[in-house]
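Data block below; observations after.
Labels A, B, C and D are assigned to the chains in the order they are written; within every chain, residues are numbered from 1.
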């Protein structure tokens, strides 16, 4: 493969971030851009000298793609990945992979059948600080995990509709659930409480603005993942893994290790967003799925945890078992 | 009343802290000291020139007390408070007030009948930083609350036995539950996960060493209170009350206010332990129950929350409604 | 004046920052751009639809300017300000105002004769956090001042030549000297030690890479201003004003107040660079010099302090009296 | 030597700290206590079952001592060390070793002639965090050093009299000068500014309450050591050693290392005060002077630096060369 020919489905904010990153990686051509908003597709196409589409089926028919970035809202996933898989195109999907578990499992099935390279955009897995945390936690007894995404309300409309985005837990805090899974292991049960407390006046909003989710890990550890989108300022975001003599706090900016008499803070040197594309491109070029740190099957498990949390919140905190996808997902 | 004559039931660590504080307050006489461990009773009696007892019934018969400090393990509460109430002696009880709700309600009944001054040692309520937090939070929409007691294992035997102490949630983190109630309001439902992860080798220990408790407040706010006693170092302790534009983090040492573009940290100037005795003595002298920041009835409500958390943990996270004690407790 | 017509002499990095800011201020037209590097002049001219020059004399002849931004290295100041003053054009000069005191005094003379509005780019004076520090320090006994500019080596060639830039003290740490003067008052004597310790291998560099300057203020306070340009990381930058019960630490990002039992950190809300241009434009429009927080005369005093520090360093720490410019500069 | 028999000259605050430490070290007997205040001598003698003296000459005559701790104000040093040396008694002296260089050199002469074990109480040299700083700085290019002792006024009378204590620089900040010397090397020149700004109303006080001292190291590095005793709160204390890619900040509580993208804070595990006595006792027992981290000769060099700073301050900042004591002091 001389160069990797990449198409985009969805040309919004996160897609543009990926385009910028890909344009800095050698051996990548950005050739096709699809968006239901024609203006956005054309703008990207113009910028990168590619073709614009409003229908991804047409794009798959007309273009010879090696890989596709699918960067669309959770509810918008229909057959994008399935067509890509059937066409033998490698797939990079933004998190969360879908709005429902049924849709995600349908897509997973197609991907597995096709054997295409697949990667999901849980970029926290690609920080060097995350590697370091994983390394230093190895062999330690993890007692509990505290996770946080405490911030403000994203600006996009669909995010505020529970039926479109799934709300903060499913759409945003999914990063924290996934990182907790990556550092500690599978989550098997959840119990959640959510509420709408401060954002009553935001037009059309029907998602909660605060939430706490207790989690039970398969290895016996427990934890809580808390989130809010009501803040007018920044606050804690990250995963704090707690062992008797080492606490690792992984955040966007770096990792902090707390030990008896010693505290160390290390800023990430590697940009997680950039590096996940570097790795994906390498995997596509070398047809080596094992380079990928979060494949589609693994991302479906993270989705399953957050959907279980939604269900628990709807049932007023009743614990919900996370479906065991190991048989299908491994 | 020329001076307040105080007796002690229980002469262990926390009792000695109260003795030291009381000895610095004008108009207080420490006259009687009772402990099942005769040595401890005698040591205190010698130090303060009072009488030693091993049986509190005898102490109540022989001494003319104005007030009694009851500083005993949760399971050890039998008729100490009841006898005090019947004798018309003002009561200062250390938290938690009992090991079971039935016992606490029986004691509450006796206290209410007698009308004696009563106070419970939730000293977080007496910090000036707590006042400031309450003041600045007034009128704000509280979205959520995060509470923490993350530390090591206390040295006393009974603490490690669930049937004696109730474990960390009931015995220690009760401070955090109480402070959350004081700052935010009544808690009506809880869901808890606990586990024993690291302290398997501690002899006779049968309490969990990690726990997370989701809480639902009567006013609609939610939160999580997390604790662990497995750490070999210090970590977070306190209550973080979160509103859209003000976060108040109250801890042992002070209070931190986080606002957009502004952070303020204030160390407590007033020692909560000292001041709760100053206030109690004043209340006894002036027969003014309204000075007390946590009466017995209020403390029973905090106990009820933590016992509900225990029950939920036993039922694998099943949410448990906190009994409504307002009728009795008001 | 319908709109303020602005020209630039010097179109490098800091000039572009000012252009960006001015383009966001209503009632400003960027009309002329002069740089000895024709490419830079043309690039700016193209961007803002103005005219490009390589000779500022020509620019003054051909353009009808209301104001000129002079953003050139210290040694490059010849007659730019003088011509502007003679033409009645308001002057915004970047710090430091010149490489020698003689040149600065010659320019000051011309400005005073002309009466044109004049402002120097000591943007620390325009932060809201600086206002707050000034306000809270009012009436306090300032004992001492610690100032810092601890960072890395700027990328421009002339900065590394002592005869061009004056070195870090004169070119960069001048901000800190000026802020100390603004917060505390005039500096009357200095004693400096400098050395070249780590940057031996930087081609053509003949400026020291570490320095400490003891300062005596007219009001009796003392202090030290320390700087280094040898770091491969960020470190302290700012002015710390120390009184018995209040320490104010003003930095780029905000101000921190330290009091007994209380610490407060406030991020600047107002961008100093932007606001200094807002104020300058307003002063030009209203012909009101009193709005300006650092006029040319005041900036000359700051230059005099840093040049005295250079002289002291050259004389191995011998204290040097700062020339009294109050008669001329007031 | 079965056990080390220790006498004390001076039984004030710091002496009591040393007594407490020595009483916890095996193989040490506290046998004699001398103080011009008889009450203090008797109190110590009673506590440790030793003999009390008000005249140290008498003590040396009557007691068979292996070592003596000399803990007296700077101006009070007369012949205490000389008599000890002549009697063959090992010497532990508190810093600073004298009020004048002449007296210190006279004592040094006597100590050198006698060959007794000698140690000076610069306990910063004994922290494990100091070891770590020294280790990590090895081989680095030290550019500059910032030192601080910023705090309140000590409670003892003699401290406030320049003729008795030498003031803060000589008496207190001497720790910082010594630590800078220990970490970086000899100081050869100083220039100081001091002032009395806030403590005018303290009765009899004639020492400055603020001061900054520029220092030139023999190896070419420079720095500033700043102090104040006017604060009503705590502030910075310690030595910050600055290299291009590693900054080590050593303080009372620990050491902080700052590197590009990485910060590490380590609390001292070893109590410097305790450990300096452990080492001194071991040196006495094994007659091994090489264990001592600050011998008398080295401490005289630190004294010489601070006295040079005093002289410079008196001469309004005129730089003062530190006398070269290497010939005498080695």
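Definition applied: contacts are C-beta pairs under 8 Å (C-beta built on N, C-alpha and C of every residue); 3 or more make two chains touch, one makes a residue touch a chain.
As the structure is a computational prediction, the values presented were derived from the model and not from experiment.
Enquirer: Report back the single chain whose CA centre is most distant from the CA centre of chain A.
Expert: Result for the farthest chain: D.
Enquirer: Consider the two chain pairs B-C and C-D; indicate the one with the greater count of contacting C-beta pairs.
Expert: Looking at C-D and B-C side by side, C-D shows more C-beta contacts.
Enquirer: Calculate how many whole Å lie between the centre of chain B and the centre of chain D, each centre taken as the average of the chain's C-alpha atoms.
Expert: Measuring from centre to centre gives 47 Å for this pair.
Enquirer: Approximately how many whole Å separate the CA-defined centres of chain C and chain D?
Expert: 43
Enquirer: Can you work out the whole-Å distance between the CA centroids of chain B and chain C?
Expert: 58
Enquirer: Chain B: which residues touch two or more other chains?
Expert: In chain B, the residues touching two or more other chains are 261.
Enquirer: Drawing the touching chains as a network, do you get a line, a ring, a star, a complete graph or other?
Expert: Contact pattern: a closed ring, each chain touching exactly two others.
Enquirer: According to the definition of touch, which chains form touching pairs?
Expert: A-B, A-D, B-C, C-D
Enquirer: Please output the residues of chain B touching chain C within their complex, sorted ascending.
Expert: Touch list, chain B to chain C: 254, 261-267, 269.
Enquirer: Within their complex, state which residues of chain D touch chain C.
Expert: 141-144, 146, 150, 189, 191-195, 197-198, 209-212, 214-216, 220-224, 226, 228, 230-233, 235, 242-245, 247, 258-261, 316-319
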